[in-house]
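Taking it in order: structure first as structure tokens, then the write-up.
As written, the chain order gives the labels A, B, C and D, with residue 1 at the start of each chain.
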Amino acid sequence: MGSSQIRSELFRSQVLQGNALGDPSERLVHVVLPAGYADGDERFPVVFLLAGFTGTGASFLKYEAWEEDILQRMDRLVSSGLVRPMILILPDAMTRFGGSQYINSAATGRYQDYLLELVDWADHSLRTLPQREARAIAGKSSGGFGALRMAMDHPEAFGLVGDHSGDKYFEYCYFPELRRFHRAVEAQQDLDGLLRDPHRARPHDQAFRDVMELAAMSSCYSPHPDSPFGFDFPIDLATGAVRPEVWERWREHDPLVRLSSAVEPLRSLHLLYLDCGAQDEFYLNVGMRLFHEALEAERIPHQYLEHDGGHFGLNHRLDHSLEAISRAVG
Amino acid sequence: MGSSQIRSELFRSQVLQGNALGDPSERLVHVVLPAGYADGDERFPVVFLLAGFTGTGASFLKYEAWEEDILQRMDRLVSSGLVRPMILILPDAMTRFGGSQYINSAATGRYQDYLLELVDWADHSLRTLPQREARAIAGKSSGGFGALRMAMDHPEAFGLVGDHSGDKYFEYCYFPELRRFHRAVEAQQDLDGLLRDPHRARPHDQAFRDVMELAAMSSCYSPHPDSPFGFDFPIDLATGAVRPEVWERWREHDPLVRLSSAVEPLRSLHLLYLDCGAQDEFYLNVGMRLFHEALEAERIPHQYLEHDGGHFGLNHRLDHSLEAISRAVG
Amino acid sequence: MGSSQIRSELFRSQVLQGNALGDPSERLVHVVLPAGYADGDERFPVVFLLAGFTGTGASFLKYEAWEEDILQRMDRLVSSGLVRPMILILPDAMTRFGGSQYINSAATGRYQDYLLELVDWADHSLRTLPQREARAIAGKSSGGFGALRMAMDHPEAFGLVGDHSGDKYFEYCYFPELRRFHRAVEAQQDLDGLLRDPHRARPHDQAFRDVMELAAMSSCYSPHPDSPFGFDFPIDLATGAVRPEVWERWREHDPLVRLSSAVEPLRSLHLLYLDCGAQDEFYLNVGMRLFHEALEAERIPHQYLEHDGGHFGLNHRLDHSLEAISRAVG
Amino acid sequence: MGSSQIRSELFRSQVLQGNALGDPSERLVHVVLPAGYADGDERFPVVFLLAGFTGTGASFLKYEAWEEDILQRMDRLVSSGLVRPMILILPDAMTRFGGSQYINSAATGRYQDYLLELVDWADHSLRTLPQREARAIAGKSSGGFGALRMAMDHPEAFGLVGDHSGDKYFEYCYFPELRRFHRAVEAQQDLDGLLRDPHRARPHDQAFRDVMELAAMSSCYSPHPDSPFGFDFPIDLATGAVRPEVWERWREHDPLVRLSSAVEPLRSLHLLYLDCGAQDEFYLNVGMRLFHEALEAERIPHQYLEHDGGHFGLNHRLDHSLEAISRAVG
């Protein structure tokens, strides 16, 4: 029955032009087309798949021993009848610091708007079913965060959402890391140089990654045009103390905090699929439980499952969201 | 010139009688007497040494390869002329959950008052110099916390304080552990049984220790007579979410929070010695810096040093506090 | 000046047909062509790059945050003048268990012969300089092992070798892992099922990876056609004891053991480049030192460097071997 | 019914006088006397309890939260009727490097002979039952090793043996550590100074402990009077390579190797009790299984159990050996 095909195109984003970090506004977008796409004129549902922090669309295509890549996964799911043929869009929303969280920020760029640009582009360039009822967005970790956030902000664009182990309850998934982030900052000889050009740093050890994650999340959650790097750190770099007013700005991005102002958008979804591992290394399962409880309280329909995994090696969970999306599209 | 002697006595506490956890009110108190104590009638300064969490006064006497015990330490310090002969009191403030933080709590017992009982006892049973100017209290970790707290609450009793790596800035030393504590609680088959009789639990692994530390700190910081175990947990045991109102009660015990209402007591001290390791595994150095800054702001005299160690293997730091105490006694 | 291009072709191996593990005999081979390759008729030196255990040629192309892929690396090196334009061949020598070590084995397949097939193919399909003086082979870890082994076995094929942190001194790089491998084996519910189809196992945790590595190395080093899986384990699966006769067969593959019978081939090389990190997590630096000493004793020319890194995040070391290769080609 | 009492005496050893490391020949020996010992004239079986590496007899007396000390343990076991009243001897066989393995070595001292001295001393100073049928020796880890070795070398002295997780199968319990020991040695600024006076080293971190363990085991297993420290290291300190001839001398101390020449002594025992944890962090359970198999092959009666613990927190296993000893004494 043939197999999926990858099509990779250079997409020229309008909204990323002149972005604050000077990251490219031209990005490679990878599209997974169903088997037989070239031979027919059928239209297909679309799923935007968002990679986690430090990943891009290309990450779904990479070789990993004993794992399927996304094409093999789709071929198996479709041939088994569990999932209908669909188009997958794998965007690149990388920033210099490791990721955009798929939101707009003055300190990074308008990455949520960029996803909307890609929706337009997909509807014009590909044989999509161009309605929100047939357009899904899903991801894991930061990708799950970005998918859920899109649903809250732009319910008109996406009618179905899959959130695997997405960032939530910042008190647990970020706050406990701040003290370690600070120690990593203290260990740097040249913090400015590192933030200006992380690619030149060696080695890419845990302290490097901690500084990057701190910079990335700060640039997404607490932009501040007048500050040296365009954003505020939630910690005082000298003492290590938390800066409560900056931390409060981070929290405003917590899906648990935003939920109350996004009840209608979420209620309008055709699918809200959520899962998380009970052994999640960032304890995201607590946030997921609280979000589930809040959805229940608001009577927002959703599917929720706590599986027995951790935060890593969860590619196989995509089977579940893709199947749920396929079924919900009808 | 002889050597220090240990004298161990069973002390019958009044204030611990009928304590909430049913822990013994009779405790062994170990006293380190200076060489030649028995042969003279000289009076000596007194230092109360407080052990860290899971330790008691006996911990200062235990054999550890390549380490001095407290008698050997004193003999060396005295014979080198760095420290004058002093009496050391090594109290036992253990509770069922691993420690009392040396404070009064309805859920554990009046452990701070018990230390005051021991002051009285020492002045009556030993040839002490019975003035606050010659009475010090010092310790590491929870022992440092207890020493500093005593100075805030009872400046009339102790005129000199040594705080090595004491608990401070609860946002960093406790809050980040709550998520792990919760997971440890979830892993228990029989939480009630465990809390009722931890001695029977096997093995004493990390999850066991996490549950104990959660129970211990909850019993010290958030007692609640009407709750099943006599205290409130700062987390919802079902979801894992933080309970902000309980957490706020914990924070009221943070020396950083209490400082503003203890300025006069602290200013009245003859010695306030503080140190902490820059690599402290619980990031207590951040709390120590903030406390140091606050002391500076209040113009409270103190000594403060950030050394390059971590939180463990710090016995040798006692040399510094004992020497500072000896010098300050004059 | 343009940039490198990737060309990916399905290569039909003769020698892998009917291989013992039933792994595919058709493999995607990725070729990195120098900028301007399509427009001229120049011939170029060739470098075979071998991936480490669990990797394939595709691993050199994968996206990794803050890292160049191999095309970007080559473009930078060539445009800086440090490296002349060269063709890179990125072969796939994967097996069901995670890797072939690039050697022939009755239990896996003739993977060394397959590399020689690719040499032929490259010389016929690409504008290579078809002499050993212009043909290099290099890699890291298992890739370094495979490169060095090729030089020992087929000096007529490759005149230049780069070995980054390659497997050596099996007493240190494998033996100490056997006890942990055994415990991982003991933890399996269905070892046979796992060995038959590792792709279905969940999760791919450390115990899974340990079993795979044990099976992979056993299949490479101690094939045994009559045994259930076609190879012998170097440990008794029941007790965990080492089987000395099997272990001895492993050791026969240790470059340190083979060196004495490969002096002439190694001496004939135009380049033998070796480096390793002083903090290598598998302690390969000890093996590298011993190999260096043995090369010295045999007066075999080589370059050797112990850098201050570990075993991971060493992509940038390729700069050094590629530069040495380029210079040695002349 | 009263409780056990501790009696601590300074024992002047003849055989430790002038020992190679200059460690004290006078040692504190702690004796646990059964309740009522002082009031009667009954004679009691004797159990020598040997501490693990870095421990001494005093380690059995130390305070540990949620754990019994040895007196409390005996009181509970006796009052429950599981164990008859017995005298426990807790010897100090410490050396400068952390332990003697309870064997004679020219590089440390005659520590096995010293235990025999203590047997004599005990029979003359205490109301022991002075026959091997009523004299047991037991311990954990290095203590288990020492107990088993004593039974092999001096069956006339001890008729009962308890070995908890004792060192065995040196290929698994020591060999895999050599590479890490070497790296720890490389990290030392002043190895000579460290070996001469470990007490002054700071901090006592993992590298320190690794160097100590290497020196300790080398001094016990491969003494060499002419070498700088009186013993040979099993690794070349420059390269890190194993020195096979020294390693072979270590192996001669492996109970698995010695068994064949100690069949009669072991067969003469009234009790040979062995246990080990299936999750032992040093993989001693493999050695224990092999020893058990060898005992079976030689038809040497013994009890053997693999419990589900690790190597630490095993104090409660003493209940099992003490009960077995008590029952076997009859």
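One rule holds for everything that comes next: a residue touches a chain if its C-beta (ideal position, glycine included) is under 8 Å from a C-beta of that chain, and two chains touch if they have at least 3 such contacts.
Just so it is clear, the structure is predicted and the values come from calculations on it, not from any experiment.
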Chains touching both chain A and chain C, listed by label: none
Computed distance of Cα centres, chain C from chain B, in Å: 56
Mean-CA-position distance for chain D and chain B (Å): 35
Euclidean distance of C-alpha centroids - chain C vs chain D, Å: 46
In contact (per the touch rule at the top): chain pairs: A-B, A-C, B-D, C-D
Chain A to chain C touching residues, read off their complex: 54-56, 58-59, 62-63, 65-68, 94, 98, 198-199, 201-205, 212, 309-310, 313, 316
Residues of chain D touching chain C in the complex: 169, 171-172, 175-180, 182-183, 239-242, 279, 283, 285-286, 289-290, 293
